[in-house]
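What follows is a single structure, and I will ask about it in a moment.
Chains: A, B, C and D, in written order; residue numbering restarts at 1 for each.
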Amino acid sequence: MTPNATQNSTNPLRVTVWNENRHEQTHPEVQKIYPDGIHNVIAKYLREQGSTVRTATFDEPEHGLTEEVLDQTDVLTWWGHMLHNDVQDQVVDRVQKYVLNGMGLIVLHSGHESKIFKRLMGTTCDLRWREAAETERLWVSDPGHPIVEGIGDYIELAEEEMYGEPFYIPTPDALVFISWFKGGEVFRSGCCYHRGRGKIFYFRPGHETYPTYYNPQVMRVIANGVQWAAPTTGATLSPERHRKVPLETIPAKK
Amino acid sequence: MTPNATQNSTNPLRVTVWNENRHEQTHPEVQKIYPDGIHNVIAKYLREQGSTVRTATFDEPEHGLTEEVLDQTDVLTWWGHMLHNDVQDQVVDRVQKYVLNGMGLIVLHSGHESKIFKRLMGTTCDLRWREAAETERLWVSDPGHPIVEGIGDYIELAEEEMYGEPFYIPTPDALVFISWFKGGEVFRSGCCYHRGRGKIFYFRPGHETYPTYYNPQVMRVIANGVQWAAPTTGATLSPERHRKVPLETIPAKK
Amino acid sequence: MTPNATQNSTNPLRVTVWNENRHEQTHPEVQKIYPDGIHNVIAKYLREQGSTVRTATFDEPEHGLTEEVLDQTDVLTWWGHMLHNDVQDQVVDRVQKYVLNGMGLIVLHSGHESKIFKRLMGTTCDLRWREAAETERLWVSDPGHPIVEGIGDYIELAEEEMYGEPFYIPTPDALVFISWFKGGEVFRSGCCYHRGRGKIFYFRPGHETYPTYYNPQVMRVIANGVQWAAPTTGATLSPERHRKVPLETIPAKK
Amino acid sequence: MTPNATQNSTNPLRVTVWNENRHEQTHPEVQKIYPDGIHNVIAKYLREQGSTVRTATFDEPEHGLTEEVLDQTDVLTWWGHMLHNDVQDQVVDRVQKYVLNGMGLIVLHSGHESKIFKRLMGTTCDLRWREAAETERLWVSDPGHPIVEGIGDYIELAEEEMYGEPFYIPTPDALVFISWFKGGEVFRSGCCYHRGRGKIFYFRPGHETYPTYYNPQVMRVIANGVQWAAPTTGATLSPERHRKVPLETIPAKK
């Protein structure tokens, strides 16, 4: 890592919305809800909020995440599910490097099992799940956090997939949402991390068979997350790792 | 704090079970469930598990928590509700000092608003609540933690008081249980902290109008918590705070 | 705590610089370095950086920290030493309440033993120390944190008081500086905390007998800390703590 | 991860001491200090403390870390340097799986750049360094932690390699040592983590050209670390990830 290759956020923020974009092509039920893909719904909202947004998908060369694209990205959002194992390791390496150098990362829903999230967490990121179109309530557990600005006591989604504890992640630096599910489970559904110079936000909702990304409160949280995860400037460190020092301060070797 | 006045745990552990013991005298409904007081139910279980247990209650001189008693206590458990504000500040100061020197503290249910818990947390420890005899499920969120040994996926209590987020506490060092309530709320119901040389475990269930402390799984968690919070030996530090150093290593004052 | 009484930061930020201001009146050596008091040196710098700054000192009624003043304060900075125990408890209660509702707090140097810092931490905040005019190097340990913006690998101070580990604090949410002292000690000298809706930053340097608050890098960190600790908006919660819920969702009491 | 495949610690603990064992064969200076390899010095000490110890080295098939070996390992210690990149990915995957299922891991000195440590941390684990045979003092920063039992204010090593901040790791769950170096640097040199069901302890000292692993205090810390990292039993979870629930509790899909 070049310590000073920090990405500084610009104004407006430059966001890249990544989507696997496979369910939308193969599942008629999903196609109906997201005819232009989940990425375009998210991108549209973030553009309306003032960000400069591009999209990238699995099928593009290098999954659309070239160095050139990442050099122009302040925050990357990630939605994937079916093709996690087919994402190229070289691209995962690259995204990890950019995050550790300061690029923000928003991991959505089934992205919990993506290579990039597991890579940054170091754990399995495993969980329990059930598809039963059941009610989810995301309770605000950290009311002063900027990611919950504009939200009330909770967000209620009439129908979502259930994710249940235990969620095999490192303890989050901040836990901003805890979900309640009608069927009887709970889940840490809004988790913030600092890794290297970068910030990572995992946000649970967004199963492809429900219109979750049209919910204005869900989108408000994603937009807040993008703002929160934007690169900060930080310190300007000297590049050398092998540190020299005036020799007189060091005792002679015996 | 005398750095070496660390309390070392003995074998068997010496536990003091503290109870306000007022509901049991004034509320017939509570009297019926806990005729000898909540403290005696907890004490009986811990004795059966092999600990040396004494009890102490609000009405005793110095609330039964004299220096002599605390000197012989490895872990203190705390249940209070009606009389939080009447607990003497001098006793709170004393308990805090012992905890920071290594004595374990298990805070139960409405003890979240006790002076001692708020003192050690530094926050309001406020929360939402509702008494509606509703089902609570305490999900294990940290399956490898010793406090959940012997527990399955969750503990289910048919009827309990509800506590809901946000719970105004510092981020726990470990979060071992998250509760689901039938009425729609969630709560961080098993929270571990390290403060000074001491360990603190907050455990939510135990409203006085329900027979929660007869539930073997709840009691197993309390017993596990006592083991987890037992004093450890740690380092043997020099007592002086004003640190001297060979003068030749310090540059002359300009 | 009224959940929605959150203080939102204004632009420019409104800062109150609090100083005990006693050494400056009683110690000629200190008077020479800070003839108008430490508070006026800090206030001048923050004004130059664009904040709206007022000062408050121990000798003013209510130590200058009335509700009216705190209502107009986004971030409070605190320097104290000789008179910690004489600060009125009622004022400490009030400052704590404002911090937990969102007001930022920057605790400087010997403020580690102030009532307000110990209150918010829950621990003794004790440490080792030595006055020997020795060199301190504050190393950046979290290079991406906004508090170290504009700083290089470290800040070097030719002469300072030494503070040494162990520092009896809760584990910081972020540790941004670790100090090296010529005489052989180390210290966690830049510690960030979230408590309630508020943010707290402890910053070590600033002994009254050295011109530390004229060091531009030290002042840059304090100014960065003020920006970091500024109130955020967060969620808009309903005020009621006793939570009602449609009764049909709750099972009848047996 | 099979949730119940938890490794439970036996008594005595079964420790596998892993060593790259290459410097000892190629550098006469190292050969002189560790003629039988670093692993055998560590193994000897741990045996004397009562553990059942085996060793494993890079050159063995599968680096000596077969499933059979790991099945019989409560805690694994890791020393490597020259051959980090040559460690087989399949073995790294395996060790990670065992750690997340409960096996303890002690990472020593230059092991900070091993594949397994970087895998579990998710960051670069990069740092600054200098070889100048300079004095290191490891200060106890968490005096109540069991890993520092038997240690005083600090451990002093007359000659060691320097490691300096920033150390690019996630914030440790507990920080038990902070190092001071004669040449002017500081370092977080004792770092504890919980990941999945496993515990990880990084301990800095141990450059191959110094007799650090003959220092009784260094060895005491390693032995304490082994005890601390031993597997715990935890909860007994149901194996299924796809969670069924009585259908009547779930609302019909619209």
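Everything that follows uses one rule, which is that a contact is a pair of C-beta atoms (placed from the backbone, for glycine too) under 8 Å apart; a residue touches a chain by one contact, two chains touch by 3 or more.
Values in this document were obtained by computation on a predicted structure and should not be read as measured data.
Among the chains here, which has the CA centroid at the largest distance from chain C's centroid?
D
What's the distance between the Cα centroids of chain B and chain D, rounded to whole Å?
So the centroids are 32 Å from each other.
How many angstrom lie between the CA centroids of chain B and chain C, rounded to a whole number?
Here chain B and chain C have centroids separated by 29 Å.
So, what's the distance in Å between the C-alpha centres of chain D and chain C?
The computed centroid separation for chain C versus chain D comes out at 36 Å.
Which residues belonging to chain D are in contact with no fewer than two other chains?
3, 140, 142-143, 164, 166, 171, 173-174, 184-185, 194, 196, 237
Graph shape for the chains shown, where an edge means the two chains touch. Line, ring, star, complete, or other?
Graph shape, chains as nodes and touching pairs as edges: complete.
Could you pull out which chain A residues touch chain B in their complex?
137, 139-143, 164-167, 171, 173-175, 178-181, 184-186, 188
Of all residues in chain C, which touch chain B in the complex?
1, 3, 96, 100, 119-124, 126-130, 132-135, 158-159, 162, 164, 166, 168, 170-171, 173, 182-185, 193-196, 237, 240-245, 249-254
Write out the stretch or stretches of chain A touching chain C in their complex.
3, 6, 102, 140, 142-146, 148-153, 173-174, 194, 196-198, 232-238
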